[in-house]
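Paired with chain B in one complex and with chain C in the other, chain A is shared by the two complexes that follow.
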Partner chain A sequence: MHKFIRIDMTTLTSTVSEVPAKYVGLGGRALTSNFVNDEVNPTCHPLGKNNKIVFAPGLLSGTAAANSGRMSVGSKSPLTGTIKESNTGGSSSQMLAKMGIKAFVIEGMPSEDKFYVIKLDMNGVTIEEAPAEIIGGCGNYDAIRILGEKYGKHVGVAIIGPAGEYRLPSANISFKDPEGNIRSAGRGGLGAVLGSKKVKAIIIDETGAGKVEIANPEAFMAANKVFSKALLDHPVSGQGLGLYGTDVLVNILNEAGGLPSYNFTSGRIDHNDNISGETMNATITERGGEGKVSHGCHKGCVIRCSQWYTDKEGKYITSGFEYETIWGLGADAGIEDLDAIAYIDRAMDDVGVDSIETAVAVATAMDGGLIPWGDGKAVLEIVKDMAKPTPLARIIAGGAGAVGSLCGLYRTPVVKNQAIPAYDPRAIKGIGLTYATTTMGADHTAGYCISGNILKVGANIDPLKKEGQIEYARAMQIGTAAIDSTGMCLFIYFGVADNPAGYQALIDMINAQYGLSLTANDVDELGKSVLKVERDFNKRAGFTNAHDRLPEFMEYEPIMPHNVVWDFTPEEIDEVMNF
Partner chain B sequence: MNITVKLFATLRNGRDKIMTIQMPEGSTVSDIVTHMALPREEVAIIMINSRGAELTTELHDTDILALFPPVGGG
Partner chain C sequence: MEESTLDAPVKKLEIRGFLQLDAILRKRYGSMPFYFEIEAPISGLALSEILGIERKDIEVIFVNGFVHELEYIIHPGDRIAFLPPGCPGPYRIALGFYGKNQGNEAAFKIQK
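Presenting the complex of A and B:
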């Protein structure tokens, strides 16, 4: 029997029940978004007792399916005020699935001002006071180590850093990876929601858990073979991402003139070679020691886009050193040194803030005169100060929208108050439609149109033209909503986008596991239904089509080198979600 | 005509990152790939002066040609 767990922080009690019929066939984002829409009052305050936060492994999580270990976290976002689904790697998703836990929900809030640790194991739920040494400024790296000493090295951990305890709008939730390092459900301030409920950490102990039930094991294995092969055969998922990580994008976006720089005033930088994926690969290789060019954020990842980035002595600094973080600090904030960026990345993970929101807030603050351009040292100090937090640290952790408003800036790169990530929508129009219309606030992963606009995977559309973009942004968002429900890492897209057999194998695995006979069309319908549910929540929260717009400056400030502005009309933008 | 060629990712293995080459008028991207003995199947993304192009696209004097193997991220 699958379990559905509710943890009530008001009464510090929990209930374990059967999965409500509506959620039986759902997983990942489909489950979290349906749940939030069903049970959270859309007009509630995100940090009040009426908000709820739900964690759900994907449909295929816990099985042998390659790359299926992603976990979705859903809630009403304190950053955007919209529904939010943020997904992450780490070990927890697979553990929960093996324990038969379809989802767990945290609701209510305690009256006493102390933090708790929730433990989930095969006996149920225990809620205990958090160890004093991990509260009030302790970084995530230390806290995960301390929790490992207390609960065992093998356990899964989801944790908020000091930023979450202080309910800062860019606070994330960190998840322990197989080596005890950190992956994050980064976007939308979900760490602040957990902080408001006084939950410091969730411990997942799978001791005694069995295997995930598979209705038709042979068919499952056969499909997984085809699927893994599709991932490994494609040069991007099979080779490129492992070699260079996502940071390989620095040079290609720079060359395409779509690398937002100096707070979105240019589409190109001159110091791209300092911070490129090619340089990262060479630096890790040269330094040796603990460095790893390629690393998986959970067991069963065959793409391995993560890495261990090291200092000059070959000692680990950070892992999961992503393009978006390096872009934000390196291009948008003009910090020209990859080591400086790596230390800031580590500090962001340690204090528990979203690296995209924070990096864009930093660049916005530089434009607003709060921090000197390119000053990596100053930024590192400010991020570390988020553990206290000092007034300046609070301001930056307030996110790009808050910083722009406090600095009186016209040029504030946010949609629904969430920072615009690493691809300029004026020069790459498809991604602009995703930023504008996704239910999440500006988010590239909600419909990664870079793929067909720049990378020539899945489509070949001129990024500077409008033709084909509306249909493409719609299809990408629908497909993504479905993939986010499977527990699959989004990067499997590269392996299956141009390989129908690989995509079919993904569906075959779901069918084999659950004894279903879904078609590609059904999966499409699932994606659509998820988007509809999310839009319904946002609508009831007060969002209209008028919120589906890029910041006005994009219409008036051309970006070099193409000298282009954002020129989709409101009517055209609204077509994206018209299905 | 003079063409500046930029190479990225694995295409850099054993080659310079950036170079200027002389090609006859009317040369295409494909001609340059042959001229430079680049592994054709590894040339996936082509940009001329920051605009997307194809193997068959003709180049002009002073063009900047950027060549990438299949890459992705996000």
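Presenting the complex of A and C:
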């Protein structure tokens, strides 16, 4: 029996039941978004007692399927006011799936002002007061270590840092990875939601759990073999992400003139060589010690885009050192030293804030005169101060939109109050349409995966022109909503986009696991249904097409070197979600 | 009096290589970017052969910030970057690689 768990923080009780019929065939984002739309009042305050937060492994999580260890977290976002799904690597998703837990929901709010730890194991749920030493400023690295000493090194951990305790809008939820380091459900302030419910951490202990049930094991293994080969044979796995991480994009976006720089006033920098993935690879290799140029964020990852970045003595500083973080601090905020950025990345993980929202807020603050341009030391201190938090730290952790308002800036790069990530919409127009129309607020990962039929459109795409971009943005968002529901890492897209057999193998694995006969069209329909559910929630929360717009300054401030502006009309933008 | 260079044609290309080409070209030419003089327009393919870059190591080239196929004609003074297969994400479509790569079977498709 698959379990559906509800944890009521008002009464500090829990119930374990069979999965409601509506959610039986859903996983990951499809489940979390349907649940939030069904049970959360769209007009509720995100940090009030009526909001709920739901955690769900994907359809394929816990199986032997390569790259299937993602966990979705859904709620109403305190940053955007929209529905939110944020997903992460780490160990927890696979553990939950093996334990037969389809999803768990945290609702209500305790009356007492103290934090709790929730433990999920094969016997059910226990709720106990959080250890005092992990409350009130303790960083996530230490807190995960302390929880490991108490509950065992083998357990999965989801935790909020001090930023979550203080319900700061950029607060994320951190997840322990296989080595005890940190992965994050980063965007949208879901750490603040967990903090509002006084949940400091969730412990997942899979002791006694069996294997995930597979209806047709032979067909599953055959499909997984094809799928894994599609991923491994693709150059992006072997030559791209595996060696240079996602930071390989710094040089590429810089060359294309789409690397937003100095708070979105330019599309190119001169110090790209300081912060590129190629330089990161060379630095890690040269320093040796604990450094790894390639690392998987969950068991079964064959792409291994993460890494362990080290200091000059070869000691670990941070992992999962992503392009978007390095772009935000290195290009958008002008911090030219990769080591300085690495220490800030570690500090953001430690206090528990979204590294994209924080980096863009920092750059916006620099534009507003709050912080000197490129001052890595000042930024590191501000991020560390989020554990107290000082007034300036609160302002930065309020997100780019809050900083822009407080600094009196019209140039505030947000959509639905969420910071625009590392690809300038003026120079890469298809991604701009996704930023404008996604249900999540500006989010590059909302438009990441497609099915094969878009490639005909893709052949005609010029990043600086409108032709084909509406179809591109629509197909990418539909595909992504479906993939987000499988528990698959979005990076599988690289393998399946060029190889139809890989995409079919993904569907075949789902069919083999659940005894289904889904087609590619069914998967497409799943993606569409998820987007429609999310838009329904947003509409009832008060959002209209008028919110599906990029910031106005992009219409009249051209970005160099291509000297282009954002020129889609409202009518054209609205066509993206017209399906 | 020194001869003015204002009217002299710019003959040097500013060249970059990404992914594995970063280390290879940096070692071969001593810096990144490096500069290479040409007298007349040349195709990207011909330039890559002169520079000793293998065909399999190029998915597309950038010329002055625009994505082009390898056969595109480069002119003196251009800013060039060679990009091997391996660019992640949807960006190979969003940046226009697909349109420039329809005939590039070896670089684009899964190895059999």
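Going forward, the second predicted complex is superposed on the first by the 564 of 579 C-alpha atoms of A that agree within 3 Å, B and C clash if a C-alpha of one lies under 4 Å from a C-alpha of the other, contacts with A are read in each partner's own complex, and residues count from 1 in each chain.
Going forward, a contact is a pair of C-beta atoms (placed from the backbone, for glycine too) under 8 Å apart; a residue touches a chain by one contact, two chains touch by 3 or more.
Fair warning: this is a prediction, and the values are worked out from it, not measured in the lab.
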Which of the two partners, first being chain B and second being chain C, lies in contact with A:Asp350: first, second, both, or neither?
neither
Just checking: does A:Asp247 make contact with chain B only, chain C only, both, or neither of them? Give me first, second, both or neither.
first
Determine, under the contact definition given at the top, whether A:Glu165 touches first (chain B), second (chain C), both, or neither.
neither
On the A-aligned overlay, A:Asp367 touches which partner chain: chain B = first, chain C = second, or both, or neither?
neither
What's your read, chain B or chain C touching more residues of chain A?
C
Looking at A:Pro235, would you say it contacts chain B, chain C, both, or neither? Reply first, second, both or neither.
both
First (chain B), second (chain C), both or neither touched by A:Asp177
neither
Figure out whether A:Asp508 sits in contact with chain B (first) or chain C (second), or with both, or with neither.
neither
Contact residues common to both interfaces of chain A (with chain B and with chain C):
234-236, 240-241, 243-244, 246, 248-249, 251-252, 255-257, 273, 278, 305, 448, 450, 454-455, 460, 462-463, 491, 494, 561-562
What part of chain A is in contact with chain B in the complex they form?
234-237, 240-241, 243-249, 251-252, 255-257, 273, 277-278, 305, 323, 444-445, 448, 450-451, 454-457, 460, 462-464, 490-491, 494, 561-562
Using the touch rule from the top, collect the residues of chain A that touch chain C in their complex.
230, 233-236, 238-241, 243-244, 246, 248-249, 251-253, 255-258, 268, 273, 276, 278, 282, 305, 423, 428, 430-431, 447-450, 454-455, 458-463, 472, 476, 491, 493-495, 497-499, 502, 561-562
The answer for chain B against chain A in the complex is residues 6, 8-10, 12, 17, 42, 44-45, 47, 50-52, 66, 68-74
Considering only the defined contacts, which chain C positions touch chain A in the complex?
16, 18-20, 22-23, 32, 62, 64-65, 67, 81, 83-96, 98-99, 102, 107-111
